[in-house]
Each structure stands twice: as C-alpha cells, then as structure tokens.
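Working notes for the structure below.
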Amino acid sequence: MTLSAEPHALTLEAFHTAVRGEALEPLWLQPDGAMTAEPVTPFCPYRWRWRAVRERMLQAGALLPVGKEGAARRVLIFRNPGAPRGAPTTPPLGAAIQLVLPGEQAPSHRHSPAAIRFIIEGRDACTIVDGEPCTMTPGDLILTPSWAWHGHVNAGAGPIFWLDVLDVPLVASLYQFFYEEHPDGLEAPRRAPDASLARYGAGILLPQDVLPAHGDSPLLRYPWAVAEARLRALADTPGDPFDSVLLTYTHPYTGGPVMPTMTCRIQLLRPGERTRAHRHTASVVYHVVRGRGTTIVDGTALDWEAGDVLALPGWVWHEHVNAAPDAEAILFSVSDEPVLRALGLYREESRADTRGA
Amino acid sequence: MTLSAEPHALTLEAFHTAVRGEALEPLWLQPDGAMTAEPVTPFCPYRWRWRAVRERMLQAGALLPVGKEGAARRVLIFRNPGAPRGAPTTPPLGAAIQLVLPGEQAPSHRHSPAAIRFIIEGRDACTIVDGEPCTMTPGDLILTPSWAWHGHVNAGAGPIFWLDVLDVPLVASLYQFFYEEHPDGLEAPRRAPDASLARYGAGILLPQDVLPAHGDSPLLRYPWAVAEARLRALADTPGDPFDSVLLTYTHPYTGGPVMPTMTCRIQLLRPGERTRAHRHTASVVYHVVRGRGTTIVDGTALDWEAGDVLALPGWVWHEHVNAAPDAEAILFSVSDEPVLRALGLYREESRADTRGA
Amino acid sequence: MTLSAEPHALTLEAFHTAVRGEALEPLWLQPDGAMTAEPVTPFCPYRWRWRAVRERMLQAGALLPVGKEGAARRVLIFRNPGAPRGAPTTPPLGAAIQLVLPGEQAPSHRHSPAAIRFIIEGRDACTIVDGEPCTMTPGDLILTPSWAWHGHVNAGAGPIFWLDVLDVPLVASLYQFFYEEHPDGLEAPRRAPDASLARYGAGILLPQDVLPAHGDSPLLRYPWAVAEARLRALADTPGDPFDSVLLTYTHPYTGGPVMPTMTCRIQLLRPGERTRAHRHTASVVYHVVRGRGTTIVDGTALDWEAGDVLALPGWVWHEHVNAAPDAEAILFSVSDEPVLRALGLYREESRADTRGA
Amino acid sequence: MTLSAEPHALTLEAFHTAVRGEALEPLWLQPDGAMTAEPVTPFCPYRWRWRAVRERMLQAGALLPVGKEGAARRVLIFRNPGAPRGAPTTPPLGAAIQLVLPGEQAPSHRHSPAAIRFIIEGRDACTIVDGEPCTMTPGDLILTPSWAWHGHVNAGAGPIFWLDVLDVPLVASLYQFFYEEHPDGLEAPRRAPDASLARYGAGILLPQDVLPAHGDSPLLRYPWAVAEARLRALADTPGDPFDSVLLTYTHPYTGGPVMPTMTCRIQLLRPGERTRAHRHTASVVYHVVRGRGTTIVDGTALDWEAGDVLALPGWVWHEHVNAAPDAEAILFSVSDEPVLRALGLYREESRADTRGA
C-alpha cells in the first residue's frame, strides 16, 4: 500500500465542494456546538388550559363533521411552541385531544404507531380495538397497540373527549409508518365488550394464554375505578420522593410498561405536598385528572388545574406542588421512558432538596 | 355538561388560524398522503466506491491535521444522496470512513451515541476504550459503547482506515446527545491491551462478572481471525436463504446484539451463489470485506467490490449475488434491527423466488 | 500408557465386593428394570374425604393444645398410602390440614421450605407473614415464601381450618432444610394488615418496587373474592380443553407462578362438563372448593365433594367430570410444575377423546 | 358450624393409630430435631484416588465386556460413603468413571437424566450425541442433555476413561425417569463430527438458530484447548477470592449454565496460592485435571493429585490450597447450583480469613 494521494493544488475548500458532490460530508464541518455536553432542544415545557382547548374542540365539532362525509378524526394536536412548525408535543410523542359527538363514528383503521387514550369527559362511547368494544368512561385508559384496528363510536347523548398520546413522531423519524383503513369502515365487534378486561383485568389471576407479540399488553382497558381505588389504598404510604404516590399501568404478564414505546402512570399528590426535584432523559405528557397545583420546571412554575395538559421535554428539573390544604391532586402521565431504557439512553439525576420557583 | 361552543360566524379557516396561535394543530390539515400504506422515505439505496473514497481520505489526510492543532477526527460521512442535506446514511445510522495517519492521535472523548468500527486497512493502531487499548487490524470489529471513552492512536508506519457506524441520527432525533472531552486529551491505558478479549473472547467459557449496564457487550474487540475461521467452518452448511452463511456478532452473556441500537453481522456468499429476496424494516449499512458481486435492491442492481460501502434503507427488497465462479465474497453489515425489535416495529417479508434485476 | 491391570484370578464377584469396600458401586449391578421407559412410582392417586378429616382435626383440637404448652402446629399430613411410611402426598409436595382453635396462637418460625395456605373454614384469624397480618377468610390463598417468618392467630369465635401445601419433601431430598424460631414467639405486626394486597393486589397498576429475591410473589394474600369474580367473568368463555375455566395465581410482576417451587390454580367446571384427558409429569394436589364431581385417573374414578383433597402423582392420565346438571364445581390446586419446568423435566401429552371410567 | 367432635375417651395414642390408618400423619410426631437450624446430611466430603480407581476400571475391563454381549456401560459410581447404601455422590448428583476399551461400542440410549462427561485419558473415541459424533480427547467436556441419544465408540488403540456426572438422583427423587434404547443399537452419525462446535463454538459469533428447548446448550463439545487457553489468558488477573481463576462453561446464547441442572467450571490455582473459605448450599464434584494440592473442608484437609475425584456436599466450608511452589493446579467441577438457584434455595456465606486445617 502506498499513499497515492497527491492533492497538488487542491484546497480544503475545493475538497469540501468535491466530496459533497460525491455524497460525502466532512465531519469537521459540523457546526461548532453540535457536540453539546447535555442535550439541547428547542422543545420547551408548556401547559395547555383545558377550558380553552375544550372550547376549541366544541367549535371544531360544530365546524367539522366526522365520519364518511368528514374527517376521519376530529383531533387537535398539542404542538410544542418551542419547536419548529410541524413538531409534536415532545420529540417522540404526539399528544392531542379528540372529540366524538353523539351519533358519530370514527371509522376503523390501523397503523404502526401505537396510541393510548385517557378519557376526560363523556360516557356511552366505545373504541372497538381488534374487534373488542372497549367502554370509555372518564379516567379509563384504553390502549390501541401498534397495528391494532381501532374505530370510535359515540352512542351516548353527550360529547366524549379524550386525551390521545401516540408515538407517531418516533415512528415517523424511523420511517416505519404503515397504515391501513378497515374495509368495512367501522370494524364490527367480534368479541364481548371489555373481553380483555374480563380475561386479564385481575392481574394476579391469569389464564395461560399465548400473548400478543411486540410486548404490548393484552389488556386493552384499564378502568378508572381500579386506578382510583389503588391510589386511595396507598394514599397513606410514604410514596416516591419525586412523584409521591405513583403507580405504573403494567402489562399483566410482565410487570413492564403497557407498550414498548410508552409507559403510563397515575400519581396522587396529597394536600400540601411538595415533591423533591429530579430530572431524567425521558419526556413526559401530563394530564391533570383532579385538583390544582404547580409543577416547577427548571425554576419556572407552571400552574395547572383539572383537565390541563403539560409537556415536559427530557432532562428538565421538575418537582410537583399541591398547595391546596385539603384537596388532593391526581396526574395521569405518558412517558417515552421505555424507548430510552431499551436503547440504553435512560439517565436520571436527583437532588436532595427542592429547587424552588 | 352542556355544549357551550357557539361558533357564530367562525369559519373553519379562521378556526385554523386561531388554534395555530394557541399551540394546537388540526390533525385534519395533515397533507393528503401522510398516512401511507407502507413507509415512504427519501433515503435511497446507494453504493460508495472504496477506491474513490480512499483517495478522498488521503487528500483529507494531506489537507487536514488531526489532534490538538487540527480536527478531533478526520472523518467523511456517507451522506444519503436521496435525503435532504444534512441527512445521514440511513434514518437512524450514520456511517463514515475515518483515517488516522502514522504518528497521529485522535483525542479521547465520550458521547451518548454508540459506535462500531470495522478496520479496512492498516496496522499498529489502537483505540483506547475506557482505558483498554484495543488492537486494530484489518477485519477487526471494535466497539465503543454509549458513553465509553475512546481515543485513537496510530503508532505504525502506514495510515489506518476504518468504517465507523454510529447511531448519532437516532440519538439526535430523541435529543439525547451527551458529550464530554477527556481531561487528559488521550486517555492513558488503564488495562492490558485487549483485556476484554482475554476475559470474554472465548464466548463459551466465561467469568461470572458484573456486566456493564445498558446491554452493551463487555467484549470490545471481535478479531477478524475468529470471524473468518467461523465463516470457513460453516462454509459447507446450508446457510440462510436470504444471506447465505450468516453470523451475528453476539454479546457473550446474552447471545443478543453487541449493542442495544446496532447489530453487526458477517456473511459469506459462495462462488456463484444467489440468495432469495426478502425485505425487512431494518436499514443496513454493508461493507464489502472481500470479493465482488451485486445486490439487487427493489429490482435495481448495485454492484460492489472489496471496500465498497452500501446503504439500504428499510423495507426494500434485496438479494445478493456472487457471480464469481471461483471466489467467495464476504460482507460485513450493521443494522438498526435491535431498535425496531425493541420498539415493536420490526417486520419482514420474503419471497420464494428471486426477483431478478 | 499401558494396560497395567492384571486381574489374575480375580472373579467378577470378588471385584464387586472389593470395589464396594472402596466407595465404588458397579452400575451394572443396578437391578433390572431400574431404567424404566416411563416413570414408575409407588405414589398413587388418592382422595381424602373432608368430612372424615375435619372430624379428626376436631379430635386433635380436643386432644392436643397448640402454642407454648403444646405443639407448634396442629397439622395432619396427607400421607400417600401407596408410598413407603414417612412419604408425603406427592414426591415433592406435602399437603396437610391445619386447625387453629379460638384464642390459639401458633408461634412464628421460618424455614427454607415454602408454604401456601388455602382457607377452608373459619374467620377472624390471620397469619403474620414477615410482619404483615394476612387476613384469612374462606377461599383466600396465603403465601409464606421460603424463609419468611410466619405465625398464626385465631382471634375469632370459631375454629379455622386450612389446607397447607409445602415443598418440604423436595427441600429435604436436596438437604436444604434451614429452620429458625422467632425470638418473640409470635412475631409482632410491623405492617398494616394486608399491606401487600393494598400495594400489589391490582396486578395491573403497580409501584416500581425493588422485589423480593428468589422469584417469590411480593403479594402475600390472594383473596377469594377476586378468584371467584374472575371465574365468574370467564364462565362463558371456551376454557381449557383439559381443565375448563382455569386461572393461575400469578406473581404480579412476572405473570409467573407465585413461588419457584409451586404453582397455584383455580378452575371452574360448568354443570355437566367433562374435560378431555391429558397427563403431565407434574404432580398435583387438588382441594374441592365447591360442588361435587369425579376425576378419572388412569381409568379409575375418584369422586369428590366440597372440602375433599385429591393427590395425583405425575404422569397419570386424568380428566374431570362435573355430572351435576345445574351446579358448578370449583377446584383449587397446587402443582410442582415450576420445578419440572425449571429443571427441563416437564412433559405433557393429551388425547383428543376422553378416556372414560 | 358447630364443633361436632366429641372425642369421648379417645386417647392421643389411639388417635395416632386411627389417623395413621386413614393415610394421615400427625406432624407433631415428627422426630425431635427434624427441624434443624442448618442442613444435616449423612453425605460427607470424600476423595477418591485416581490411581486406585483406574486400576479397578482396568480390572472391570478385563472382567466385563461392553456392548451387545455384555453390559450397556462399564461404569463405577462414586458412592458417598457417609450416606446409606445406594446413595450417589452428592444428594442430587451421581459421579462415576466410565471405561471403553479399544474396539468397544456402548450402544445408544436416551434418558431424562442429563449427563456431562470430562475426558481423563485416551484418544480416538467419540460419543454420538443425537447423531453428532463428538470427539473425545483429554480435558474435553461433552454434554449429553436430557433425552439426547448417546452412544460411545472407541476406535482407537488404547482405552478411554472419562468422568461421568449425571443428575440421576435428582430425577429419580422426582420420579421423572424416562428411558429408551436406540432401535439401531449404536445410532448412526447424522451430522458432521463436532458439527455443533463448528456452529456455536466461537461463542461470540453465532447463527440465529432456533435453540433446543429446556435451556440445554446447543454446543455439545467444549474442547480442552479452549479451556486451557482461557485459563492461561487470565492467569495473571486477580481471580475469584474463593476459587482463584474461575471460568464457567456457558450456554453460548445465554451465558448461563450448560444445562438446567448442572453447571460446569474450570479453575486454576497458581503456585503457592491459597483461597479464602466460603460455603454454599450447592454440592460439588471436583476432578483434578493437573497438579496436586489440598482442599480444606470444615477444617479437615483432603489432599489430591491429578485424576482424583472429590465430592463436597452442600453447606460445607471449603478453601483450596496449591502448596506447590512452581506448579499450577487445575480443577474441573460440576455443581447443582442451577437447581438451587432455580428453586430459590441457593445461599452462600464467606469469611474474610482462611480457616486453616
């Protein structure tokens, strides 16, 4: 082997131009500061007010029909205001509010992104997931795992609102978007309503079934009554230093997250409670189920009340405060923690003290 | 609950403007065709010629010093020509060639992205990984897992070239970039050369060690001699229908991939062999170790010879042909398959026949 | 190496005598038939009548005090009548009935064998397991894992009877018996009553706790109400061909058995139902919770009614019949299946037809 | 519920007699001392001299033919002299020496107990395991997993001796003995010699095969050359405090033991080295591959030299001494540790000092 290169009069600048024409990019031309000590992100912490969003959803309800003649879904996405146009709520997660009016049907489709739904308001609606009608009542968590058929039906007298959280941004960044519309429009029920709840819902007494692939929970509906009773049962225990009484919705056969890309949690902040600050690389979308309080994010207070949605990008210090002297607060949250753990990218740090606003 | 929304004269267009000002984005305004049946990607299959790239690297060697006075790394990134400016090789992977000239030292740093290196040409160089000098000879695979210190030293008389593959695009898309420069410039050796090879290299006789976190292999160097001997030992066995004699570099304690984000493989195509076509959602970077042949990608032939690099985005049909009547071909490859499996997004399809060019 | 042996006039018989004196045993002297095609065991299928056993327990209650002045435990072991004196119920499992009279306390101890208890009759008693008072009501399953402290207290007005199943024979055959008496006699409560039920009992919403070692479930009490409701919820589903509606008590974090050595199940046989026959290498102890019926074991009918206990050694064909036209039957069972699975010794076979009595 | 028992004049003694006639055994009649603080076992530590055993094996060779006209196997079992007649080497393990003379064939059979073989002396013999001829040279470890066909052939000019270790006692105590003789006498080879070594032997580069069930290693032969080279490579590293340079033979895909019931290890004691004492509940059979030394067991010295076999029951304190100033010692060992770990019964304790003889 000999060094055959003879650059003659080739300048570095000419070299750069030449190689860029050959589908090669010099690493040394990356902008200064690309190699940051810690993650730098345009995504910012943000809070959306439920009262305002609800009003907008009702306007959308009046303006835009859903179903065959209208949109497939009536959804407003929480767009992170710090990030460029088109950005979702946190880097890998897109949160949104969906509204289905009485009598409407959102036709069935399936896609490689997974979704969770947390019911905010309304009754007598259901999501049909792979043929199973899943009842939707406030506080319920409904899963529509990757590639599961799902359509929505509101058979009640009032509107139904829910929080959607999907991993669309993650799936899109990996160019893994598969999509299919159901040939029948709305998929007909093939199983008893809440069949998976009957089968797997005890968590501690289970059939020996062959489980769905991909690590998705076979349980499609986690009822609010169970969540609330659990929080109540543990309300007097010490709790987590950063999140107080904290429960993770779990895959009944593994104790792991309900999906490979998102984990769902519910937490109770007792009257007057203030948690310690920590930060982790996972990003989180919170929804306030009950109460009012404040989350202090990197020193800035974001106050919240029932129905509000908060987005926290990864690696921000945060602590929760329930200043109310006699009312508890309950937060539901969705995090991309399973993604970061699976990829070896999860980190967390904590502080012994609270940081203050 | 009553429907309080009274849109009055609010038009849909005015509504869109209003909600966009409130960090909300209507889902129904997503461009038609965003929900594609199968992934649509600007990333294209591509092949880079080693002869041309090597020449460019030598020019870079002459133009750009490495080390304290120059660049931290002399690296040309394989930029996917189908994707927008700034794009890497495949959506989550960035491949590149690195050159270290005799006497040069590339200072130690560490970052959350993980890297693998596959040595193409040169001797008497080493990468110091967390204090362990890893010998670099042609065909060796060297790991620098996430957050492991690594610096390069060329103590030989000739240049050393290697293929780098990193998960930088994936880590960046998740805003998880952590970076640190070693306080000493080049990290001093703290362990015997190739200590991890001595300790874990047998694979079938192992100490009962506490393993590194994050699923990374504790073995840092996979020598070419082992890989070549393995291919040779299995050269007369039936092999895989799509990849012929195919071996995966494995974590000695789990049989899994060497890192949570990338898996490395080596495969041998026998003289005259043509594999069957398949496709999978994983993207792959190939490097031709030996021989010449053709990979037919979605019906288009990409021919290759020793040293060439190929990038295949996910979900393209591909089959390999070694048309040489008496010479074998060997391909090294790196894939993001572990990412897709962990996230429940891995799919593959095969055909009984070959598809032809 | 040369063949130095010169047996001269040594006869085979003299050789046998000589080597037996040197702690060596010729394999070829093993009795003919030691190498059986299938397991041969003196353990037989057997059924104990609850009415008779209950009467005997009450007699024992009158004759033998429990506590400081009497026996540590008032227990009658189900001794397999086919096996030699001293043998337990099935090869690795010992089942028994325990009675605690009003006002009695069975002092706390711990041992390496694990135990499960299934309450048959009585109220207002508890077992204190590692400081947690576990309420005992009929149909509850209480765990006392290996090396967990446990003592019993009957604070009620009537006697309490329960089924004990332990892995004592297995632990003894491995010479792994560790035992310790609690220094305080009865261990004082250190946690709230049924604290683990509050913490882990939902199964589908769990705290992120550090779990106990050894694979034991952290949940100590599985209430009857949960079991019964689950059976009821699945009573109209197809069920298992050999066991009808069958549920396994599971470790809430793994979906696996509640202990590494024993798995507990509950099953419902619908009116008029007859299952198909199968056999497996696991041995099983059944307790009839409700109803009456017949289990046909290798062609012999064992009929049973509420409270009865059945022992089935491994590898016997068995099928269940609930001949009642309008009453369901419920069977609780404990099996050593996890032992056999862990050791690679689990096998099962089934038949398409029922075998008949 | 009323207390219906009226024992009248029933004495406790009469009660005992009565219930024993009803297949019930009072727990309180268990002999005092059955509940021991720590395991009490008749199995004792013992050492068999290779010179003596070898001589006996040769005598057996002269007295007893192997094959169709003679015994199926020429094997002398190491019978623990502390345990009752018929007892094996340690509670769950039976060790033995097997001899096959030139020209002999031991016909193929299979059984549910698993076996390992460690070659002591001889060449040009092989064991055919499920159709794969496994070469037997001194120091090789050959596996015959549960239910794998295996027959032995000595095609060489000299005798071949090896150490057998089986889990027969464990399998027998669970009444799980299945056995079958091969219809062809000696099974004909169906795969290339040492095919599994070619396929899985690198340990760090593996095909993506469907693995055998039951947790058995798919690799059937672990060559001595690999073991010796590994020990040599680590001879200057600190090593384990209780076992010096210690390596475990591992399942190439899991890093776990080679079989679910037995783990095999090789260790090197450097000249003049003395390890620290520890004890664990696992029992161990050692075979001295090279050197001479002493193992101090509960304060008693057992000295050993090449070829000797030692049996250590569980829970005995032990430490190893290689008093030779300039010769290393190498010990091969087989332990039931995987059984105890799987069942939650593994414990160990260590001391900071050595205990002395």
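Structural remarks
As written, the chain order gives the labels A, B, C and D, with residue 1 at the start of each chain.
The criterion applied here is as follows: contacts are C-beta pairs under 8 Å (C-beta built on N, C-alpha and C of every residue); 3 or more make two chains touch, one makes a residue touch a chain.
Computed from a predicted structure; not experimentally measured.
With centres computed as the average of Cα coordinates, no chain lies farther from chain A than D. One simple way to say how far apart two chains are is to compare their mean CA positions; for chain A and chain B this gives 29 Å. A separation of 44 Å divides the Cα centre of chain A from that of chain C. Here the spacing of chain B and chain C, counted between their Cα centres, is 52 Å. Residue positions of chain B in touch with at least two other chains are not found.
Chains touching one another, given as pairs, are A-B, A-C, B-D, C-D. Of all residues in chain A, only 1, 3-5, 7, 10-12, 15, 18-20, 22-28, 35-41, 43, 46, 48, 52-53, 55-64, 71-81, 91-92, 96, 109, 111-112, 114, 121, 145-146, 158-159, 167, 170-171, 173-180, 213-216, 259-261, 281, 313-314, 336, 339-340, 342-345, 347 touch chain B in the complex they form.
Against chain D, the residues of chain B that register as touching in their complex are 198-208, 219, 222, 226-227, 229-230, 233-234, 237, 240, 246-250, 252-255, 266.
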